[in-house]
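The following blocks contain the structures, represented as structure tokens.
In what follows, chain A forms one complex with chain B and a second complex with chain C.
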Partner chain A sequence: MRPAALAWRGLVRQPARASLGIVGIAAVGALLFDMLLLSRGLVVSFRDLLDSAGFDVRVTATEALPTAGPPMEEASRVCATIGALPEVEQVVPLNFGLATAPDGGSLYLIGSGPRTRRTWTMIEGEPLPDESPPQGPPPAVVNRNLARDLDVGPGDTIRLQIRSFPAMELVVTGIVEIIFDDAEARTAATTREAYFRLHGLPDADTVDLLLVASAPGVRSADTVAAIREAVPEYHPFSNADFVARFQRTDFTYFRQISFVLSTVTLFFAFLLVTTLLTVSVNQRFAEIAALRALGFTRRRVVADLLWESALVVGAGGFLALPAGGLLAVRLDAILRDIPGLPARLHFFVFEPRAVLLHVALLGLTGVLAALYPVFLAARLPIAATLRKETVS
Partner chain B sequence: MIVEARGLSKVFPMAAGPVTALHDASLRIAERDYVAIQGPSGCGKSTLLHILGCVETPTGGSLLFDGRDVAALGDRERSRIRLTKIGFVFQRFFLLPMLTAWENVELPQSEAGASRDRRRARTAELLEYVGLERRAGHLPSQLSGGEMQRVAIARALANRPGLVLADEPTGELDEATGGNIADLLDRVNADGTAVVVVTHNPMLAARATTRLRMASGRLLGPGERE
Partner chain C sequence: MSRSRRILLTAAVVLAAPAASAAAAEPPEILVSRQLLESRSLSVGDVVRLSSDPEGDGARPFRIAGVYEPTPDPMKLTSRHWAVRMHLPDLMELNAPPGDPFAAETVSRINVALRDPGDAATFIGDLQARLPGLVATSTTPDAAVFVVLERFHLAIALVTVLGSTAFLLALMVMRADERREIVGILRLVGLSKSRILLAVLVEGTCIALAGAAFGILFAAVMQDAFNAFFQWHYDTSLTFIRLTPGIAVRCVVLAVPLGVLAGLVASWTLLRREIVALLRR
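This part shows the complex of A and B:
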């Protein structure tokens, strides 16, 4: 009978103890799995969010976030300069501001330049035209929250106002989903011309953010370098740069939390398996001594125990994956309710590497946890144990 | 000659001072020998048996097993000797409780590397030999004491050892059941296996061809009083 089979029979012999051990490992394993998902979830989700817009480089006036820093001047010249670079396929200028809706509530207003790539997802109606028509109200797209609150749809008009400038009517061409909107956000997007008119600055030529798509086959880093050389006064950065910056700042808390909690859960797993196996070995001193007397080598006895550890940790670790997955869905839903976060941003994101890391960490924990009971079993004095067990 | 022990001694270091469990014990065990070792509790019988079975290391003297100096062997080689050349029968049986009678008998063969067919044939043969072929699928907890000891004897014989060492094999059994076990050991010896039995049971000891007495860690000579 091979060590694995003997270990299995040993576990089956005491189903209550084995089940408790497996459930315990499944519980701490689920937490570990969740912490592994959390450790990179925001980064992966944020990167996916950035990439999903189809633009791999962004340009701002300063290193501040797009809506937090000053705008770039001479937007037309900057767009033309960057758009003429061979590394660049498309440049889309965007302006961001706040406006007041007819219901008195505020909303985010985006002024967007011409684009062929999607900066938002159409849900209903027609896309935003590149330019306002010469006559009549300019076009706008609104997100679902705003459409719901104002009870408008394609073809309706909305009246927006910015500060004390005259209010202006816009025609809703469609309803869209904007990737960086949070769950409660009310957002409208219009042409930059209409955006500036609403601001009372019809001749303004500033821009808050340039979305840049690299030409096919061009690396983002090369595009960034080309833009930096062409417009050295501004700050181009790739999606990867942006993600790295967030990793160093805002996301670092989640990584630290996940690291600390992962370490704690691994320690619990270690204690649990060590306790289980140590109790198991202590209860079976006579069996182990008898096996050694019958000619089983130390290596064989050690293999039996390692297999027992592997079976408990393996079964618990396997159950931990669906349990952790369900827990992650619930925790993700709770965390995503934090106000101001993009609705499509997730804290827990499944990655195959998280499963591999989970397996590796639990496996290592299982081996380390088995060391002490293995030591006990391997060093067990055969004759003294047999004498003691016979007398007792 | 299977075992040749010369001047064996065993001293256990204790907090209150060293305890001599065995002193200058010499004996030889040849093929087909049937040796009984008797003596009061604590006289060193089990220690001697454990040394002969290569599970205990003597602190003095030498032990040759099949002509090989056991002191020169490593743990792995001693384990191999125990697995293939020695069969152990314990007072408390020490069957693995999660394995059936069949599996307990098969286990040492598996460890020794016997093929599945050979294991199957040998296990069936041994369970029939000890009269438990109908209890093959039972767990130790479903067997009586006498049945468990018979399984233990079958397990001891699994790898066809030349020597069976039995430590108080009737110690946990009533007189009638002990008699059956004694009969079985007689048969094992009659079939060609040397048997060394440590026992308080005079009925069992009387069946041995050689009876040794021990007192205070010493093997007594003929006529020597305890």
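This part shows the complex of A and C:
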């Protein structure tokens, strides 16, 4: 009989013990799988969000986050300079602020320059025109939360106010979904001209953020280098730079917790398999000695035990994948309740590398866990064990 | 000082109490965060130059009057706590854009202490009605983030308990199996099933209590080490782990019944067998 078949029979002979071992491994394996998903989930999801916006480079005044730092001065000159670079296909200036809605609540207000790429997804109505009309109220698009709260749709007007400056009416041209909005966010976007009029600064020429799309075939890094040379006073960064920075700073809590829990779960799996196999070997000393007396080599006995470990860990690890997947969905739903996060951001993101890592880590744990019981079985004195068994 | 460091220093300037500045001859006083003091090798009494311009133009001297420990904020765990606190007129003078006639009349926020904090909602409503366009919010900390994290940790704890229970049951089954012959002999000499089960129950309770006590003791010893490591790692005074009596009680309430139950279930699988089956080799 082959080692795998013998190990299988050994497990089947004691179904309760084997089942409990597999369930234990499946539970800790599911947790391990989830922690592997969590360790990179936010970064992968955040990178996808950035990429989905259609712009690969951003420019700000300082190293601070786009809405946290000071604005860039001489926005028209900076936009023209960057837009004239051969590496650049399009530049979209954006300003961010807070305004008060007719219901007394606040909302995020975006002032957007002309654009051909989508900076948000249209849900209903018409896109935001590039310029305000010479006569009449300027245009605006609103997100679903604001449209619902104010009960407005395309064609309706909304009255917005910023601080104590005069309130202004805007015509809603459409309802949009803005990529970085959180689940509760109320957001409106209008032209930059209307944005500055609302702020009581009709002649202002500042900008908080420039979205830049590289020309086809140009690498983001080359665009960043070209912008850095053209406007050295400002800070261009690619999506990859942005993600790397967030990875270093803002997402460390979840990386730490995933690392700690991965280590704990691996140790737990190691302890579980070691205990199960050691007790199993202890109870089967006579059986192992008899097999050795019948001609089974040490190597064969070791192979039997390794197979037993592999079967328990393999079955548990296999069950851990769907269990971990279901658990990840639930844990992701819990964490996405954190206020202020983009609604499309996920904490647990499936990647094939997570499955490979899961298999490798559990496999290594299974091998390490089998070492001690294998050591016990390999050093078993055949004659003394058989005599002891006969006497007892 | 490099350009990026200068920018960070400028960005870290925060609003302080609206008190009058010192005499014109003496540089105005500021408080510096411990982290900034240590990282820039500053000392109390030093004169530093601060500017709101990234290039350092228009920098003004300030004397460091003291050092303070920033209030720990879990949401800013990884950001550098480089900050200074200065008198409001000094900040306004430092930050005023040239030619802005409203600069001296503009503040970012006004903190208001109510006689009765319970009136916050009414006060906010009244204020917004009188001053349209003003955004007023309560300073009560938003507990939502921590509620979510607590739910997340609880979910992970439940999965861990599930795995532990399976582990415990497997151990108990093996332990009961090892005592198969002893149980058979005890039954043979006349001990009833309930008597043996009672013995298992008492033994299981003792082991579960000892295990739970060890676990709590281990956590109590390790929490200081964990806190010390993460406080060093993040350069913060935040407490990361705190073993409270409530948590200890919850652990005991969960662990002891689970341990006892696992022992009983495992033993019952033996006791329901015939004596002959127990003694068969």
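What we mean here is this: the second predicted complex is superposed on the first by the 392 of 392 C-alpha atoms of A that agree within 3 Å, B and C clash if a C-alpha of one lies under 4 Å from a C-alpha of the other, contacts with A are read in each partner's own complex, and residues count from 1 in each chain.
Following the convention adopted for this analysis, a contact is a pair of C-beta atoms (placed from the backbone, for glycine too) under 8 Å apart; a residue touches a chain by one contact, two chains touch by 3 or more.
Since the model is a prediction, treat every value here as computed from it, not as a measurement.
Peer 1: Could you figure out whether chain B or chain C reaches more residues of chain A?
Peer 2: So, of the two partners, C touches more residues of chain A.
Peer 1: Identify the partner contact of A:165: answer first if only chain B is touched, second if only chain C is, both if each is, neither if none is.
Peer 2: In the superposition, A:165 touches chain C alone.
Peer 1: Determine, under the contact definition given at the top, whether A:300 touches first (chain B), second (chain C), both, or neither.
Peer 2: first
Peer 1: When the two structures are overlaid on chain A, which partner does A:9 contact: first (chain B), second (chain C), both, or neither?
Peer 2: first
Peer 1: Give one of first, second, both or neither to describe whether A:292 is in contact with chain B, with chain C, with both, or with none.
Peer 2: After superposing on A, A:292 lies in contact with chain B but is clear of chain C.
Peer 1: Now for A:145: first (chain B), second (chain C), both, or neither, which partner does it touch?
Peer 2: Neither partner.
Peer 1: Identify the overlap between the chain B-contacting and the chain C-contacting residues of chain A.
Peer 2: none
Peer 1: Flag every residue of chain A that touches chain B in the complex, lowest number first.
Peer 2: Residues 1-2, 6, 9-10, 12-13, 286-287, 289-300, 382-383, 386-387, 389-390.
Peer 1: Name, in rising order, each residue of chain A that touches chain C in their complex.
Peer 2: Counting only chain A, the residues touching chain C are 14, 16-17, 20-21, 23-24, 27-28, 30-31, 61-64, 68-69, 98, 100, 104, 106, 161-165, 167, 233, 248-250, 252-253, 261, 265, 268, 271-272, 275-276, 279-280, 283, 327, 330-331, 334-335, 337-339.
Peer 1: Which residues, counting only chain B, touch chain A once they are in their complex?
Peer 2: 46-47, 50, 53, 55-56, 75-76, 79-84, 86, 88, 90-92, 94, 96-99, 103, 106-108, 110-112, 155, 159, 167-168
Peer 1: Where on chain C does chain A make contact in their complex?
Peer 2: It is residues 4, 7-8, 11, 54, 77-79, 128, 131-135, 142, 144-145, 148-149, 151-152, 155-156, 159-160, 162-164, 166-167, 169-171, 173-174, 177-178, 269 of chain C that touch chain A.
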